[in-house]
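Presented sequentially are two complexes of chain A, the first with chain B as partner and the second with chain C.
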Partner chain A sequence: MKSILALFMASLKTQYEYRLNFWMDMTISGLNLFSDFLLLFFFMLSFEEIGGWSFGEIAIIYSIVEIGWGVFRVFGEGLSRFEELIITGRFDLLLIRPMNTVKQLLLERVDFRRLGVVFEASAVAVFGFIRSPISFGRIWWIYLLLVLCSTIMTFEINIILAAISFWTVRNSDIVVLAFYSTRTAAMYPAHIYTPMLKHLLTFVVPLATVGYFPIGYLTGRIDSFLAILSPIMGVSLLLPVATLTWFSGMKHYTSTGT
Partner chain B sequence: MISVERLQKNYTVFQRRGLTRKRKIIRALQDISFTVKRGEFLGYIGPNGAGKSTTIKILTGIMTPDSGQVRVNNMTPYRERRKYVRGIGVVFGQKTQLWWDLPVKDTYALLKEIYAVPKDTFNRQLKTLREYLTLDEIIEQPVRQLSLGQRMRAELGAAMIHDPDILFLDEPTIGLDVISKQKVLEFLKVLHETGKTIFLTTHDLKDIETLCEEVLVINSGTLVYKGKLQGLRDMARLPKTLRAKLAENSPSPDIAINGSLAKYNLRHDPASGSIHVELEGSSNHALVVKELMQNLDIVDFRITDPSIEEIVRYIYTNKMPSNCG
Partner chain C sequence: MSGFAIAVISFKRGRAYLLNHLVNNVGSFVFGYIYVSIWRSALGESQESSVMVTYLMVNQSILWVTMFLSKGAFIPQKIREGTITFDLLRPYNLLYGSLFEVIGQGMYNLLFRTLPIFALGLMFLGVRLPEPSKVLPFCIVLFNGFLISFFLNYFVGLWSVKFLGASGAQGLYYMLVNLFGGSFLPASYYPGFLKRLMPLLPFAGMNYYPASVYLGSIGLGIALAHQVFWICVLFITAVLLTRRLLRSIQIHGG
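Up next is the complex of A and B:
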């Protein structure tokens, strides 16, 4: 536990080493956030509904997926840039330490500026609950659970995608295709897509299970009880897949150079 | 302490030719076996691409071999990685394990937590390291500001902060100037004297000459020699060389070289004004010198043993039958 804290602090100190850059980044991230807000605001005013779902409900799905993404951005920089570690052979250095490699990666570049995404998405959630018939007071714990599932699932998916680098070395295109696009797709009600894409979002990159299905159940649009269980199922089925992929990848790792 | 049996590792590479690519298997290690005793200082030498790094990566648990047995400290490195690496220190000459933007002491403090080193042990170890590696002048500086020599001292400190019994070093002297190199080698000598087991790969054979009792020579994935350094010399049985300097303005030595001294196969180098003779083991060296003195105007001479470079090159090029059974 102490080692985790130590790595976390080192990560912060590293960023603060370049003070000017640190403050500039903070300012720019803040401004960026503000402009995103403005955009979102005008967007919301002009739309009424998509595929029979009101905009408030869509905002709730959006917030669930986006908060998970935001938390991932804070800790996931090492995973996002994992191909660099493979290309340079620097992954070696993680392997000579008596600590889980994923843990080391998550703590390598903790980036608090990314928390902005979480704030932004939380504001969208507030808007969503105001504009939709779902009462936050009654389902707040389910909502938080869904956010938790979304966060865990984002990490799981990205661990799997990063592990692909063990075989292919470069993985950035695969990440864009398999995660960035599906994440965006999962922010909207899945039934508006072709069956193939819907199945993809349900069974392969199951981001629809943390937003669309449970919220659909809560609003009475989806009848099956499976819909409310799907986030737990999705997260727990992905866990062994992620673990297995990562560890067999490590076994396959052939470092580079001297 | 370290035992390696029948180690094999292949890499698959793809060679591109236009749009097609061809699969090629590179046999990085073929049937490598050796043992290292506790407290031994072993030099692992070979040309670039011979398989030195592959071996060290398997020994440190970074890579899994295709087949074969590895036991270090009664553990299999790549199977029990996290437990195993607590007992070893690793230095890569080409990769830094220090936190680039933080002062050296911060890296040490981090490693203390990662390895869960008790406070007393840590302080004692840090004090010793500061002394032997003269770290005082650099310990407060961010790593990115250090010179290569300073950084390598800090790396050695980082590898030893948890006081491991075995130290693996992959080309630790690469790119260092003479003085920095000397400091690194002296520190390794001190470690060896305190009973640490040291496994050092290098292509600079001078490192080995002063330190290692035992050497392994690897070439294209197979061991070509293992044993004492002296044995390597004996095995190649290369002749000693006599180099004699001629006096300036002396008459051309060619007549003598092709005449009365022809049996010695002298080589004359007009540019440096010197003569080279290869002395066979059986010849009477004093007699050769005497005859040279009588026939030529010599101001200086010296007899040198073959350098390890020459010996190893000889082994590489002549594909000598290995003595590694």
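Up next is the complex of A and C:
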């Protein structure tokens, strides 16, 4: 626990060294995502709904997926740039330390500037609850649970994708395909896509299970009770997959280093 | 001649990661498909919808020539590694060298990113080919869009010369191009005064004008007037800024 705290503080201190840069990067990373949402806002001024879902409801699933991603960006910088560690051979260093490699990765480079993403996504959530008939007071605990599932799932998916670089060395392009594009897809109601992409978002990269299905159930659009259980199912099924991939990847790892 | 040689080297550098880029192209296509799905759900099966699909996918393909060029025209990396010294020793200036380096990368992206993504759009999403008379105007406008993008990226690079980091400027660049480039929304869907402001900003020259010329909804003349104006403004700014900043450059050693 002590070492965790020490690593955490070290990250904070390094980043806060350049104060102006720190605040600027945080603001800009928030604003950057806000520009995506603003475009959607302009779009909704003309059309009012996407696939029968109102803007407020979309904002809610949008925020669930995005907060999960934001928290991942704060702690997952080591994972999302994992190929660098493999290419430079610096992963060897992690292996000789007496701590779980995933834990080290999560704490090695805590990126506080990415909190801007979390703030932006939370603002989107507030907007969503104001605009939609779903009352936050009644479902707040479900919403928080979904955000938690979204966060855990984002970590699980990214651990699997990072582990791929044990075999392929470079993985950033696979991440774009398997995570960035699916994450964006999961921010909108999944029935607007072809069945193939919808199934992909349900069973393979199951990000639709943390937003689209449960919120669809709560708004009475999806009948099946499975919809509200799907986030729990998604998160718990991915866990063994992520663990297995990571550890068999580590077994396969051969250093590139000098 | 030296410009051409720089471009060729930069082109070849891209080729080393061809397989990665092909995987990335599928990801980029999925992004395009997400936007297409959103628009289709709003417009239904209509004439307007099919025009919009073409608009979106043309934009998604040309993003690789007009938006996703190397971060800061390769300058931030050179600053970080200190290799900028070699660029400053060369018998041409930084602006010239960077331009051709980015041209090489742009050519690579055009062949191995833009065209494959566009082909996927043709095959799976019913993207329409341009009328033959629009092909040449589109190419010209696309090249100008590339130039505008180069200058904006170059400014991000100069920012890193001054402040030794590019993340802030890079973020700002993405935000502005995303918001005003028009790759997701054509100008007519912007609210209020933004509808008139957006086509005047330089960012519109990167996506909105090329895709509109492709579709024939905007004439070559109007697009050129906008782009040439901005290219001149950006070029002059770039020359002046380069001169000023390189007078007091800090170089990382080691």
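Basically, the second predicted complex is superposed on the first by the 225 of 258 C-alpha atoms of A that agree within 3 Å, B and C clash if a C-alpha of one lies under 4 Å from a C-alpha of the other, contacts with A are read in each partner's own complex, and residues count from 1 in each chain.
The rule is short, and it goes like this: a contact is a pair of C-beta atoms (placed from the backbone, for glycine too) under 8 Å apart; a residue touches a chain by one contact, two chains touch by 3 or more.
Treat the numbers as computed from the prediction; the structure is a model and nothing was measured.
Chemist: For the three-chain arrangement built by superposition, which of chain B and chain C touches the greater number of chain A residues?
Modeler: C
Chemist: Applying the touch criterion given at the start, work out whether A:G137 contacts chain B, chain C, both or neither, answering first, second, both or neither.
Modeler: So A:G137 meets neither chain B nor chain C here.
Chemist: Would you sort A:I50 into first (chain B), second (chain C), both or neither based on which partner it touches?
Modeler: Only chain C; A:I50 stays clear of chain B.
Chemist: Check whether A:I28 is in contact with chain B, with chain C, with both or with neither, and answer first, second, both or neither.
Modeler: In the superposition, A:I28 touches chain C alone.
Chemist: Figure out whether A:L95 sits in contact with chain B (first) or chain C (second), or with both, or with neither.
Modeler: Once the two structures are laid over each other on A, A:L95 reaches chain B alone.
Chemist: For A:P195, decide between first (touching chain B), second (touching chain C), both and neither.
Modeler: neither
Chemist: Does the superposition put A:G220 against chain B (first), chain C (second), both, or neither?
Modeler: A:G220: touches no partner chain.
Chemist: Please work out whether A:F42 is in contact with chain B alone, chain C alone, both, or neither, and reply first, second, both or neither.
Modeler: A:F42: touches chain C, not chain B.
Chemist: Just to be sure I read the superposition right, which of the two partners does A:S181 touch: chain B = first, chain C = second, or both, or neither?
Modeler: It touches chain C, and chain B stays clear.
Chemist: Going by the contact definition given at the top, which residues of chain A touch chain B in one complex and chain C in the other?
Modeler: Dual-contact residues (chain A): 18.
Chemist: Which stretch or stretches of chain A touch chain C in the complex?
Modeler: 18, 21, 24-25, 28-29, 31-32, 35-36, 38-39, 42-43, 45-47, 49-51, 170, 172-174, 176-178, 180-182, 184-185, 188, 192-193, 197
Chemist: Enumerate the contact residues on chain A facing chain B in the complex.
Modeler: 2-3, 5-7, 10, 13-14, 17-18, 88-90, 92-93, 95-100, 251, 253-255, 257-258
Chemist: How about chain B: which of its residues touch chain A in the complex?
Modeler: Within the complex, chain B touches chain A at residues 11, 48, 52-53, 57, 60-64, 78, 81-83, 85-86, 88, 90, 92-95, 97, 99-102, 106, 109-110, 113-116, 142, 170-171.
Chemist: For the complex, give me every residue of chain C touching chain A.
Modeler: 17, 20-21, 23-24, 26-28, 30-31, 33-34, 37-38, 40-42, 163, 165, 167-168, 171-172, 174-176, 178-179, 184-185, 189-191, 194
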